[in-house]
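You will see chain A twice below: alongside chain B first, and alongside chain C after that.
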Partner chain A sequence: MKSSLTFHKVIVGLLVMYLLIPLVGTFLFSIAGKWDHTILPESYTMDWYIELFQDERFYDAFRRTLFLIVMSVGLSVVIMLPTIFIITVYFSKWEGLLQAAAMLPYGIPPIVGAVGLIKVYSDGPIQIAGTPWILIGAYFITILPFMYQGIRSSLRTINAVQLVDAAELLGATKFQSFRTVVFPNIISGILVSTLLSVALLFSEFAFANLLVGGRFETIQIYLADKLNSSGHLTSAIVITYYSMILLLTGIVLKLTFRNEKNPVGSNKKRILSFFKKKYCNKNTAIEGEK
Partner chain B sequence: MSYVTINQVTKGYENQVVLNDISLTLKKGEFATLLGQSGCGKSTLLRSIAGLEGVDVGRILIDGHDITNLSPRQREVGMVFQSYALFPNMTVFDNIAYGLKMKKVKNVKSKVKNMIDMVDLIGKEESFPHQLSGGQQQRVALARALVMEPKVLLLDEPLSALDAKIRKSLQKELKRIQKELDITTIFVTHDQEEAMTMSDRIFVMNKGKVVQSGSPSEIYTSPVNTFVAKFIGNYNVCNMEVFHKLVRSTELKGNEVAIRPEVLQLVSVGEDSLDIQENWGIKGFIKDVSMTGNVLRYEVETEESAFLVDYLHHRGEMFEQGARVQILVPKKECIIL
Partner chain C sequence: MRKIKKQKIYLLALLLPFIMFVIGFEIGPLVAMIKNSFYADDGIQVAIDQYITIFKSEFYLQAIQNSLVISLFSAVTSVIIAVIAAYSITKFSQKIQNRLLMIANMTSNFEGIPLSFSFIILLGNNGLFTLLFSKIGGDVFADFNLYSWTGLILVYIYFQIPLAIMLIYPSYQGIKKQWKEASSLLGGSTLSFWLHIGIPVLLPSIVGTFSILFANSMGAYATAYALVGSNYNLLSLQIASLVASDVALKPQLGSAMGVLLAATMIGAMWFNERMMRRIRRDLR
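Entry: the complex of A and B
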């Protein structure tokens, strides 16, 4: 018994090390001064971060990325939420069609998609190739599967169809029943889908580079550009960027735990079981170190 | 004077008929049950009355008003679902008050309080649905429907998700509340025992049609066809030719004969207590004995077919498996189908 427990701890420890070493290395490199022929850096400096945070281009890129994300995710919620709700509750025979449409982005590699998009939108009535707007459109499609699955399974978990039936029989209009009965019960599901989409779009490079490139520099394009100039600076960007993602993940986790106290929809737990597992692993690792 | 009228309602999905020309009427304050196996159309009929499903042909009237084309919220009917359908984000109080708030009724608080009192949920006002037991949740669902003072209360298998004991006590309570409020109620179930205990009138449905309607005892003692006889009370249904052979008499005419298991009696072969004026006798042997607490059920194999014979489980004489017996069939209890 005891030896098998030790064995498990060793495995988990190795796994955590495997996952953390690149990150720790990157972090060390981002604060390293001279680091040539020693295991740990010979000197430490915050210069790279200072340089990064003093670079106007970084802030601009960050702002642009934020703008793109808020626009695409916001648009996605505003359009997809009523669409999925209406199809699920009132036109269930078309559900298959919506599902197929939502899964389509998985089938098209970004490179192929980008070339097609450039061709279609570089002339004709809508000439938006090379502008951020085409990127918002592409991002909308990219996060479609996440939004669809998240909202759909939230609706299914609370049995939205029957709740709407019950509310309507009690005198609510269709809109009232959505607002007072369905929406409050799927809000945390929507939030989780939203945060996952944000995390995904933060690290999106292929579409951004192919569709707009340097004309609308996002954080990923900025990162790629800096990769050629200074490794230290790139590391600093990666660590900053990783901290942002960690923060997002933390928020998602917190939402999940709040759901457990008030178990309205258990589906979010399933979506986030990945995160939770990661979290649990870390706990085990800490115990193992004692 | 009929309060609820369903007039020649027909409904189908694609090429399947779900409701086939159904007509029925209910008096005010009546407790009616739609009884049938799953898929017989009873729930669809209930949902059509609620307005959650449309009908292809026919009309539905409540209190003299044609409601066939009204939306659910305009129909003034209340409904309780099998899976309760409580709003998970609201407390018991808010769940019950929901309809009143939507209709902007005054005195919400006192009305909800009265209702909570009636369904015996005092002290649970601030609980959320997931903190309640199944039985309690169903009480909330009932209160939520009743507080609106609906003209008709629709119950879609409301007790079938509960365990036997809670179910029995909720049956009684439901009946008490229904009588107290004198509310016209349509109850859907597939459990014939539940239908018998609760209803003033039962409508037995099969394949989208009402095959028989009447009081519970009418339905039980005089089924109109083989389906009702078998579904309602474990009747022994026997082909007439076979029956003629067994009793050596052609006195009865018709296609089939149905006999309830509890009117049959068993006597040992040789014991000569057969009153040939009143009874027929059929020889056989005990193939199996089973016991459901208060009832002993004998399966008696005769030369042509098997019969079920029910006895109350008295202390005393019991027939052993394999014993040769004679079944006494009272002539006046034979129902010709």
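Entry: the complex of A and C
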């Protein structure tokens, strides 16, 4: 038995090494002064970070990315909350349709989505190809599956339909029951999917590059442009960027842990659980029993 | 009665923004792409020229083939590694398991441009490892070229493994200790337990993960773009250069290739569903 545990230790050790070496390597490279023929850097320096944080282009790119994220995630919350609420509570027969529309983007890669978007918006009545506005629309659709899942499951957990029935029975209007009963109860659930969406859009490159490119330089475009210049500076960008992503996902994990007592909440896992539910109910039943 | 009807209209009006976004940025572009793929190069004449061009051109067929081979290869490899690694993970204490899954979750966010960059500084032409190994005198990496098929596979596998582990790990929780005890009480060996009980229970999850990984790498664009630019013939890179490059735009041809890519992904999902049905027939 003991030798088999050693075997598992070796496997996991190799795996962790494979996963962490690129990250650690990039980090060391970003703080390395001279480093070319040794295992560890010969000298360390913070120059690359100082150079990065003095680069106006970096701040501009960061601001543009923030603008896109705030706009599209904000729009998504403002539009999806009432939409999902209304359909769940008042038009439940359309739920299947809403689900299909909301989950479809998950099956379409950005590269395919971009082909159609360019076609629609490069001529005709609305010519917004090449402007940030087309990106906001594309991003709204990109995060749709995550926002839908988050809001839908929050509504289900609090039994929104019964709550609204009760509130209306007691004389509340539809808006009142939404604002004072439903909304305060689902904020934390929405927060998780909002943060997930922010992290997702932060690392979005395909749409940004194909639809707008250098005309509206986001952080990812800036990074791609810097790939061929100084490696140390680019490492510093990668590490700064990745720390922000980690911070975001860290908060998400904390929140999910608090909400569900389930430490491995992942956006991708959630999506798969959706597919599993759809494709083989029996299987999830087996996995569900703990 | 009248009041209720009026309220319903207000509620429906609130759905309008959502419907507009879905039509404008989801359904509309998809329909436009499909329609556009059935036009000739001039964009006026209705024809299936584009599809004929693709299937007659060795270049484009090669792009499709390369994408398929890379996706299949990386998905199969990652699933195999993940099945073994996830099993090993379950052997540790709960605390360490959570740590390891945290690492998987963390690294699953390391993808696209930053990931490619990371591999370039480690294994690229002037990469740290490349220089180090050449100094030690190892010829192991002499033939290795990051900006090629092997490099792409290496990077693709990197971003697939954490995802595969997170998807497969939960299904190991479904295999009960009691099943193993029962199997050995009835005279089964470890091997026969896995052959007849363990793997059949895991199979749906493995197939499901495989098709997600396959679709994931078929559609991958950023990683390949950063790593090989236009030096390697991949479906996603070809589509990008046909619809959004500075030279020789061919939107109709690009649309046709987009339709083919989407069809492959729908095919993968369909295959997934069929396999699930076949495998789980006993439970239905």
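The rule is simple: the second predicted complex is superposed on the first by the 232 of 290 C-alpha atoms of A that agree within 3 Å, B and C clash if a C-alpha of one lies under 4 Å from a C-alpha of the other, contacts with A are read in each partner's own complex, and residues count from 1 in each chain.
Note that in this section a contact is a pair of C-beta atoms (placed from the backbone, for glycine too) under 8 Å apart; a residue touches a chain by one contact, two chains touch by 3 or more.
Everything numeric here is computed off the predicted structure, so don't read it as measured data.
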For this session: May I ask you to decide whether A:Val77 touches chain B, chain C, both, or neither, giving the answer as first, second, both or neither?
Result: neither
Problem set entry | First (chain B), second (chain C), both or neither touched by A:Met147 | neither
For this session: Could you say whether A:Phe205 touches chain B, chain C, both of them, or neither, answering first, second, both or neither?
Result: second
Seminar exercise, completed: Per residue count on chain A, the busier partner among chain B and chain C is C
For this session: Would you sort A:Ile111 into first (chain B), second (chain C), both or neither based on which partner it touches?
Result: second
Exercise. If you stack the two complexes on chain A, which partner ends up touching A:Ile11: first (chain B), second (chain C), both, or neither?
Worked result: second
For this session: Would you check which partner chain A:Ala160 touches, where first means chain B only, second means chain C only, and both and neither mean what they say?
Result: neither
Seminar exercise, completed: So the chain A residues that chain B and chain C both touch are 263-264
Exercise. Which of the residues in chain B come into contact with chain A in the complex?
Worked result: 50-52, 71-73, 75, 77-79, 81, 83, 85, 87-89, 98-99, 102-103, 128, 130, 144-145, 148
Problem set entry | Touch list for chain C against partner chain A, complex | 7-8, 11, 14-15, 17-18, 21-22, 24-33, 36, 81, 84-85, 87-89, 91-92, 98, 100-122, 128, 131-132, 135, 158, 161-163, 166-167, 169-171, 173-174, 201, 204-205, 208-209, 212, 215, 218-222, 225-226, 236, 239-240, 243-244, 251, 254-255, 258, 261-262, 265-266, 269, 272-273, 276-277, 280, 283-284
Seminar exercise, completed: In the complex, chain A touches chain C at residues 4-5, 7-9, 11-12, 15-16, 18-23, 25-26, 29, 35-39, 79-80, 82-83, 86-87, 90-91, 101, 104-105, 107-120, 137-138, 140-141, 144, 174, 199, 203, 205-206, 209-211, 213, 220, 223-224, 227, 231, 234-235, 238, 241-242, 245-246, 249, 253, 263-264, 266, 268-269, 272, 275-276, 279-280, 282-283, 286-287, 289-290
Seminar exercise, completed: In the complex, the residues of chain A that touch chain B are 158-159, 162-163, 165-173, 176, 180-181, 184-185, 262-264
